[in-house]
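Letters are used for the chains, namely A, B and C, taken in the order the chains are written, and counting of residues starts over at 1 for each.
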Amino acid sequence: MTLLPRLLLGALLLTLAACTGGESNVSKGNREGILHYGNGSEPQGLDPHVVTGVPEHHVIQALFEGLTAKDPATLEPIPGVASSWEISEDGKTYVFHLNPEARWSNGDQVTAGDFVFSWQRALHPKMGNQYAYMLFPVVNAEAYARGRLPDFADVGVKALDDVTLEVHLNAPTPYFLQLMDHYSTFPVHPPTIEKFGEISTRFTPWTRVENMVNNGPFDLKEWNLNRHIIVEKSDTYWDRDKVKLNGIIYYPTENIVSEERMFRVGQLHYTQTVPLDKIPVYEGIENSPHVQSPYLGTYYYLINTTMEPVNDVRVRKALSMAIDRVKLNNTVLQKSRFPAYTITPPGTLGYQPPKLFEFDAEKARQYLADAGYPGGDGFPQLELIYNTQEDHRKIAVAIQQMWKDVLNIDVAIANQEWKVYLDNVTEMHFQIARRGWIGDYVDPNNFLDLFITDGGNNNTGFSDPRYDDLILKLAPEAKTREERFSLFHEAETLLMEQMPIIPIYTYTSNHLKHASVKGMPSNLMDYINFRYVWLDPNETDAAPVED
Amino acid sequence: MWRFISLRLLQAVPVILAVITVTFFLVRVAPGGPFDSEKAVLPEVKAALEAQYRLDRPLFEQYFAYLGDLAQGDFGPSFKYPGRSVNELIAAGLPVTAELGLYSLLVAVIIGGIAGVFAAIKPNTAQDYIPMTAAMIGICMPSFLLGPLLVLVFGIYLDWLPVSGWGDIPGDKLLPSITLGSAYAAYIARLSRAGMLEVLSQDYIRTARAKGLPEWQVVVKHGLRGGMIPVVAYLGPAFAGLLAGSFVVETIFQIPGLGRFYVQAAFNRDYTMILGTTVFLSTLIVLFNLASDVLAAWMNPRLRAQFGGK
Amino acid sequence: MTSEIISDITEAEQGTSLWKDAWLRLRKNHLAIVGLVLLVALIIIALLTPWIAPYSYETQNLELGATPPSAQHWLGTDIFGRDLMTQIMYGGRVSLAVGFVATSVALLIGVTWGAIAGYVGGRVDAVMMRLVDIMYALPFMIFIVLLMVVFGRNMLLLFLAIGAVEWLTMARIMRSQVQSLRQQEFVEAAISLGLSPGKIIVRHLIPNALGPIIVYTTLTIPAVMLLEAFLSFLGLGIQPPKTSWGLLISYGAETMEEFPWLLIFPGLALSITLFSLNFLGDGLRDALDVRRSKD
């Protein structure tokens, strides 16, 4: 018995000896100008024409630069590689004037020809770029990407000289400049790409630290898989004098509970998200590091309109009206979202979607009775599926009970492993399924074109010729913003009268941000322009500790 | 003995081939594919992607092509991490998980073994109940609970140790190793106690005691070898469990190990990665099971005589 | 020596007296009896839950939210304002069922498999154990996903799937036990007496290997309960609003700082069960130990 306590004591001493007591990442980072950034998960890769996710976006945003960038406060386009641009009268021709000072990290000039090469790569039918559609507003781009047009010379992008790029569009596309800041339209360095393979080779090691040539405000310094990615300030970037950070360290913080704890002990300046139950805790402290802002995305339930009993619009309306979104938000969601009644987030580029209904228990019961199930009698089996995630579960459990209380119906809920869920949604093997859509660019079109007939993301069976006309034909030809928005308004009214989806809430972005982090204003796209971010070493107060 | 080992190694070849075959077809019938994503993918894009990974060929052709690559030591390209090979990903994750596993097993064997032996020497006394109660707590504490709890106490309230990472900040390897090792320490404590009790009641122990040998000598010299057989038999499977279990610990502490790759590959339907990690791990498991069988046989005097005789 | 072997055999032949003896010995072990009583009580509570639970397990009170223990809710409420005691009672039904059924499946397959492999030895042993190796190596997650997809989600299948995974280690342990027992004189004597292999396995090998098996069983039950939680958490097990102790604990672990009672009480329920099992297991092990009973 004497040995055991001695061993335990030894282990304890070992623990104590291992204690760091050292400086936290945050205070060290503030001194050195290094941002410690919680990036959600490990990026799949860093090739702008291959990857698809948000964590990839955050790193690529620091390494590369497109024709335009965005003002982080207003999201208005600001100069990127292009220092100015002209748009023709009819809105179909764009001429970009490239900054002659723009440089690749090896010193080469960034030319208009590099963009032509890069867009060909992004659209190449063999490339398998999942975001190729971002360039589809360009004349013939879609035909080329789908392999129906062999010659890229017929696609509407031309280098007039080294610093002038001309782009022809199919239709006036008010959001086209925004697309120029999406990584799928970013330039890559042609000699580097060709050094490691052909233009359409997907797997080459050109993005590795030792090979990468990039044109953004930061250069890749270290890429330690699943551990961290380190970028440091570039000395070839044209606007390098404005860049204040010396570097950024990205951490793959998949586990959000761990991420919050890393922030609390000063291992991170910034977290990608905040666990729901921690929000009231952080809201309760002074100078809260919690920053919350509306986010361009809608959380909703998809309804398979081809399946009993939800093929009846009255049942769909009953289900939707029986959900008390305000109560849901105030309780389970910790007041951290905005109740939604439409697919387009209100205020998207000034557009106000129609609000056709709200929580109304009486009306919901009436609709259900009209559909032939008074008081929920004889209501057939109904199942709601969602992919495995804590927050989805909480919402589903609460809504399940609301349906029981208001309509007296038993809806089964089932969580499914991600790929099983995706498979069921695309194959339409479900009755009701949870879904979220985050906008790629700020325009109602990005939400409303989800529900065109047989659209890849429709998944509801909803089909309305008038709706298709409005979105595909009439809106693109609209002369003014008002006219365009009124067409969208008509389309969205059509949609919500049929209710193939049940909107639940409008997303918000939630982060923990240390007081020393400056130049990172909140915005609708959760967009960060690392060019303008800086650290104020005077704000040294450690991350606030609870109790 | 050598014949036994080489025979078993020979038997391992069909085992691994069977694992490859079953896994290969198993992952293909699982719903969902590697390129399914939340945003719909153009059919042309999907076809291009499938062509890049040979998925457009007949399944059997793919199977033999895979075996061909494998014979040359090539696990193929990863689906989830384009531009990286599975070999590279395994090479990146393995040292970390191996180190974590080693420390955890060390924690488990030392703490569990000692507690179990002490308990068995004086069964049904405080010397038995206290370590066994501690062991039971260890078993009821799943790592998804113990890990965050340890982090909360040592990382946040006491602020002694880092809350996550591996090899970045000094001391960050301690909590993960303890978290992963403790459950196994508890198992080993229980198994070694039972094993020791069994042995200590045997005749030859009674003979040794009757000869007047000091108790510790009886326990260490005569008891330990026999009493540890169940523990040793358990070590092989424990290693397999450790790799599966390391997923949870690696997630909690954000450790860049193989366990995370292994489980996530299944979720991502990263076919080559699933196969690569499975083949790799099954080889390791077969080897470890063999090692623990050999060890158990060596520790069992009768079986040893049999081996020696052959 | 020989007389002892003979008496061993005759004692085992008279199965009833072995169990009677064991029961008599078990009764003297107070801790084991406490464990047994607690376990029986838990099982009775689980069986009667639909009639004795203080609240309905799915009725929510969202405005109430998570509250600490109070006069109305003795163990507090969860984030949906549901009574935690009710949740634990219903969760116990699932956890106990999974624990016992899946472990029984594992025990049945594992012990039989291991005993046959260990007893017959040679080529049969090699083939059987290589099959175990193959099963060990298969990606478990894919396996479960497939099962759920092919057969749909159902509790019985979950039990079987878990049992189908847990028997592997049981088989290895049993085999190594049998291998060492097989060399002992009393087994050789039984063989020479012309008893059939089946009888030898059932009457001599299994009873004598019971110690480690019982211990491993008491270890398997909690492992199985936690595995169920893990699978359910991933969406491969039981579905809300149904719950289990493992699930309650994993939810509680996420909010252990804000709402500690959501972790403590389900944890306590699981711990009590495991301690009872443990003491009962040890008691049984000692009571069934044929050789030691000679002392």
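Basically, contacts are C-beta pairs under 8 Å (C-beta built on N, C-alpha and C of every residue); 3 or more make two chains touch, one makes a residue touch a chain.
The chain list, named the UniProt way, goes like this: A = Peptide ABC transporter substrate-binding protein; B = ABC transporter permease subunit; C = Oligopeptide transport system permease protein OppC.
Keep in mind it's a predicted model, so treat the numbers as computed, not measured.
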By mean Cα position, the chain sitting nearest the middle: B
Chain pair with more C-beta contacts, A-C versus B-C: B-C
Chain of greatest Cα-centre distance to chain A: C
Distance between the centres, which are taken as Cα means, of chain B and chain A, whole angstrom: 37
Chain B and chain C, separation of their C-alpha mean positions in angstrom: 21
Inter-centroid spacing, chain C versus chain A (mean Cα positions, whole Å): 45
Two or more partner chains touched - positions in chain B: 30-31, 148, 152, 267
Sites on chain C at which at least two other chains make contact: 145, 149, 257
Multi-chain contact sites of chain A, meaning residues that touch two or more partners: 257, 417, 420
Residues of chain A touching chain C in the complex: 257, 275, 277-278, 281, 327-328, 331-332, 387-388, 390, 393-394, 396-398, 400-401, 404, 412-417, 420, 546
For the chain C and chain B complex, residues of the former touching the latter: 126, 130, 133-134, 136-143, 145-146, 149, 168-169, 172-173, 176-177, 179-180, 183, 211-212, 215-216, 218-219, 222-223, 226, 229-230, 246, 249-250, 253, 256-257, 263, 267, 270-271, 274-275, 278, 282, 285, 289, 291-292, 295
Chain B residues within the chain C interface of the complex: 11-12, 14-16, 18-19, 22-23, 26-27, 29-31, 132-133, 136-137, 139-140, 142, 144-145, 148-149, 152, 187, 190-191, 193-195, 197-198, 201-202, 229-230, 233-234, 236-237, 240, 244, 248, 262-263, 266-267, 274, 277-278, 281-282, 285-286, 289, 293, 296, 300, 302-303, 306
Sites on chain A touched by chain B in the complex: 1, 3-4, 7, 14-16, 18-20, 22, 44-45, 47, 50-52, 125-130, 132-133, 145-147, 202-205, 207, 224-228, 251-255, 257-258, 261-262, 264-265, 267, 417-420, 422-424, 426, 436, 455-457, 545
Touching residues on chain B, where the partner in the complex is chain A: 30-33, 35-42, 44-46, 48-49, 51-52, 77, 80-84, 89, 92-93, 110-111, 114-115, 118, 126-127, 131, 148, 151-152, 154-156, 159-166, 168-171, 174, 251-254, 256-257, 260, 267-269
